[in-house]
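Same chain, two partners: chain A is paired with chain B first, then with chain C.
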Partner chain A sequence: MSFKIGIPKALLYYKYYRGWNKFFEELGCEVVNSDKSTKDIVDKGVSLSVDEACFPVKLFLGHVDYLKDKVDYLFIPRVISVQPREYLCPKFMGLPDMVRHNIDRIPPIIDTTINMRSRKRDLLKSAFEVGDILGKGYIEVTKALFKALRELRRYKKEMLDKSHDRFDYKIGLLGHEYIIYDPHVSMNLIKKLRKMGVDVITSEMVDDQILEEQAKGFSKDMFWTLSKSMLGSAYHFFERDDIDGIIQLTAFGCGPDSLVGEMVERESKRRRSQPFISLNLDEHTGEAGLVTRLEAFIDMIRWEGA
Partner chain B sequence: MSKGYMGIDVGSVSTNIAIINEDKEVLEKLYLRTEGKPIRAIQEGMMRMKDKVDIEIGGVGATGSARNLAGVIVGADVVKNEITAHAVAASTVNPEVQTVLEIGGQDSKIIILRDGVVVDFAMNTVCAAGTGSFLDQQASRLNIPIEEFGGLALKGDNPVRIAGRCSVFAESDMIHKQQLGHNLEDIIGGLCEALVRNFLNNLGKGKEVLGPVVFQGGVAANSGIRAAFEDALDLEIIVPEYHNVMGAIGSAVLAQEAVKKKGETSFKGFDSSGFNYHVSSFECEKCSNSCEVINIHQEDRIIASWGSKCPKGEVVISNG
Partner chain C sequence: MKITFPHMGTMAIPAKALFEELGFDVILPPPITKKTLDLGVKHSPEFACLPLKMNVGNYIEALELGADTIIMGGGVGPCRFGYYGEVQKEILRDLGYEFEMIIFEPMQGRWKDFYKKVRSLLGKMSLLKLKSAWDKGWAKAKAVDRLDSLINKTRPYLIDPKKGTQIYKEGLSLVDESNDIKNIEKSVDLIEGRLNCLKRKKNFKPLKVGLVGEIYVVLEPFTNLNIEEKLGELGVLVDRSIFLTDWIKEHMALNLFRDLKHNRNVREAAKPYLNHFVGGHGIESVGETVLYSREGYDGVIHLLPFTCMPEIIAQSVLPTISKEKDIPVLSLSVDEHTGDAGFVTRLEAFIDLLARKKEEVVV
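Now for the complex of A and B:
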């Protein structure tokens, strides 16, 4: 029989959805993604989660709640590491538990541990575990995993090819994928910028090799994968002459962001390369405040270019 | 008839209007309290301006937190955020300016300029500690007219230490010091120092504050705060003559530039103040975002609508 697998449209979804969706489809499952974030989902998530969680985690719970009655399984992996000798924020490790203890009457959770801290190929082990739950054989799972990984590479390639020449200005946008690509959380920032005639480059549009190299410029190894790519893209943006300004979007209550954000801001001051602004978002953020700062920032860039 | 350009700055606490001539000199200015009714404040301001001046208005600009509202009511040629407007005004008044400090009713800003170009800025976040409305509130609690606040602060010989990070804490600190018997001048002096410390820690963090420093906004009238800034920065602080309407002046300068490009103004005339404006709002139910959509009516016609996140809730505006 074909299972309905629910994948919440939040957090790592924005980084891996093409691969995740492909993996389950290849295994003959029907994938159900939650709806895009709305005020209702935000409100629900905020009311379900503990106060101390960061805004994106609260939002995740809202998406789980949206999906819980629509699917046979929820896919919420316990992601510890996606790169050798690196980690993700501890909140990703506890995510299945946070969901289980904060939301009532939920379908079974596929909470397979993904830990590639020692070897990348340990991912295959995690895939087999998922296969066991769904009653799929090793060969089938291995095939599905390879197709999913190919899909992710294709996605990265598509992002790399995204260049726009019809804009007058270019902005480097820093921030977690789940903030900048969620239009509700980022208040349509990318669309707003394009409307102002400004193109947006994100770390996804930069070659991984470059990010890796650039992050080495920092005095210590950054062991958070997501923060490392943020740092790497920041250093890369600093050096690019075609980037007129850098905007950093951070989530209120994000531990790694509070450190990395500060580091990027200081480095930008030190280098005096481009105008830089950091915008902090949470569930209370009013659009007016964001728009005022954004407009002034773009004015500043135009003024400088004039 | 000579030509002038008008700027309107509708903020949370005050609504300011300024008219400048071709040489960017201020001809007329007006400072009104918004009192929570921006439309009425704009209309009243326009009516008063009409009686004051006898020139042709060549362009109009709007700024401030109600800039979009002001823009549709008067027919503005340019609607710009208040950060840009303040920077433009400061560099018009003093082309050499390198730092602008602005403290208004609910907002405070620091703008860093180099060679006449903005290179960095910061604005206070959700917290309004240390802005004009807090000073207003404390002045009325202590029963001192706000105009005398600064003068009293200067008389304090030993300003007390007050926590300025949060206005709630600041207030309880002030009450505590007052109950210990410290005199009023020292407490007020301490408050001014605390607010300045808070401003420089929050907004000035990591910014290179160089002179000339221009201090503007309603709070610039407060000589106590000005002195505290001079003390903390060890720089001379310039308070421009029209410090409380700088946003409006900047917006007028921007209007002058905009009209140069556009050719003619969209100004509806001073008589637009005579129309009956009202606002209607509804919660759009077309999706679960439940946007609060606001429609601005001029007589029976909807002239503007905002608040919707998507086209579903947008109202078609007839420009007839």
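Now for the complex of A and C:
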């Protein structure tokens, strides 16, 4: 029997969807992704979650609500860690619980724990657990996992080759994938910038090795994986002469960003190498205000360049 | 070397004893006031959680008094506290202060690492001296915790609760001034005796409320607007789920801690609702709430700093527990904008609700 697996289009979806989709398809399941974020989904999520949750979590709940009647299972793993000795933000650890206790009448959740804090190969254990739920054998699951991992590597490689030379200016964009690549949340920021003749580089377009190298220079190891790559790419952008400015996108209520963003901002003020702007987004952010600030920022870069 | 460290409730009393016994000059940050908060808020990131801002305020005031070495705790995540020290260092450096910051990372069960860190601070100091200093600090920590739970158990019964608070404060200074371990225990006994002599209400059965949440805002009366005192004066028996000594044990990672019976119980109780550690005290907040409901408490108050990540997970789960276990839960998030009047109104409304619920049960 083929199951319908629902994967909400929010949070880690943007980092891993190619792998996740591939994994479940290889196991003979039908993958249902939620729709693109819309105002309705945002409003639903805001009404379902506690006031203080960060904007991305609220959005996630909206997507779950959209999916809940359309699938047999929801895939909401409890992601503790994806790198040895590191963590993700606590909210990923409690995500299945936040969903379960805030949304009524939801289908069963595949809330397998993914914890690679001690060893990377623990991922296989998690994959087996998912396989058990779906009634799939070890060999089948291992095969699916390897195909999924290969898909993820391919995705990463595609991202690396994505920067262009045909633009006049280049901007480094800092922020979580689930913010900058969600067209509704970021209000199509990347498209808007390209239309203004500005190329965008994000941390996914930077080689992992470089990020890792940069991150070694901090006085204390960063223990949040996503923030580590943000901090690493910021330092990388500071040093690159071909990058004319840096934009940092954060979401309201994001805990790690509140500290890491501050570190980046202070370092940029000290270095004075490029213009820097930090934009904080939430469900109330208006497009007009964002565009005005962007335009002003780009104008400033043009003056500097002239 | 003039040492300072941030305030957290009564922590300054044992910490000061520890460092002075080791032979350091200690410059305590002045008691937390509105000015401390304002300084912290002004220089800290806007969306950082409240404890970070309070720490920064403490540091600035202490550095102005001449301190040159800051002692701070660290962590390995996932709660933001683990990165506090790094950010605070940058903030103070950018303000132009000259200082050294020593961050104690949890030793994750290895005494050797901890010893090395202590060595870097102490130089060639004998282990014996270290032990005697630790013993004294620990005795004081236990003493202030005992005072805290004594006053909470006594206050609701008193005809004049303010008098009780006054004796409690005298007790704190007695412990602070005591020089040897025997004296410390004696002064707490003395205070217990004095509290027992106060006039009490007759035939009075107080409402019982459990206090759970993020440790800093639970322990620091300035940030929770003296919630224990306020509840006590309303005639409510408050039981705090978390104490200073708990935090020390946990942070110094006396690795036995995880196996302690109570801690296991908490995790067990939280299991149906939150089955995984989420950093900070998220799982404790959930587990303790379940335990309070089992022990027949009338309600639970959950305190958290605005945007606290682990506690938001707990906050999302608590309504379900409240419904299933039929125990009212009030989540109060505090930050620099929390006003006394609004806070008290909500507390009073909550207590009214508890009282009415109890009457209904009796009828």
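Going forward, the second predicted complex is superposed on the first by the 306 of 306 C-alpha atoms of A that agree within 3 Å, B and C clash if a C-alpha of one lies under 4 Å from a C-alpha of the other, contacts with A are read in each partner's own complex, and residues count from 1 in each chain.
Definition applied: a residue touches a chain if its C-beta (ideal position, glycine included) is under 8 Å from a C-beta of that chain, and two chains touch if they have at least 3 such contacts.
Treat the numbers as computed from the prediction; the structure is a model and nothing was measured.
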Combined model on chain A where chain B meets chain C, clash or fit: fit
Partner chain in contact with A:Ser229 - chain B first, chain C second, else both or neither: neither
First, second, both or neither for A:Thr112, with chain B first and chain C second: neither
First, second, both or neither for A:Ala288, with chain B first and chain C second: first
Touching partner for A:Pro90 - first (chain B), second (chain C), both, neither: second
First, second, both or neither for A:Ser34, with chain B first and chain C second: neither
Partner chain in contact with A:Gln214 - chain B first, chain C second, else both or neither: neither
Partner chain(s) touched by A:Asp299 [first = chain B, second = chain C, both, neither]: first
Chain B versus chain C as contact partner of A:Ser126, first or second or both or neither: neither
Contacts of A:Arg266 with chain B and chain C, given as first, second, both or neither: both
Between chain B and chain C, more extensive residue contact with chain A: C
Minimum Cα separation, chain C to chain B, after superposition on A (Å): 6
Interface residues of chain A shared between complexes with chain B and chain C: 266, 280
In the complex with chain A, residue positions of chain B that touch it: 65, 80-84, 117-121, 123, 125-126, 206, 287-290, 309
List of chain A residues in touch with chain C within their complex: 49-50, 52-54, 78, 80, 85-91, 93-94, 97-98, 101-102, 113, 218-220, 222-224, 252-259, 261-263, 266, 270, 280
Residues of chain A touching chain B in the complex: 38-41, 184, 188, 265-266, 269, 275-276, 280, 284, 288-289, 291-293, 295-297, 299-300, 303-304
Chain A contact footprint on chain C (complex, rising order): 44-49, 52, 74, 76-80, 82-87, 89-91, 94, 103, 273-280, 282, 306-310, 312-313, 315-317, 319-320, 331, 333
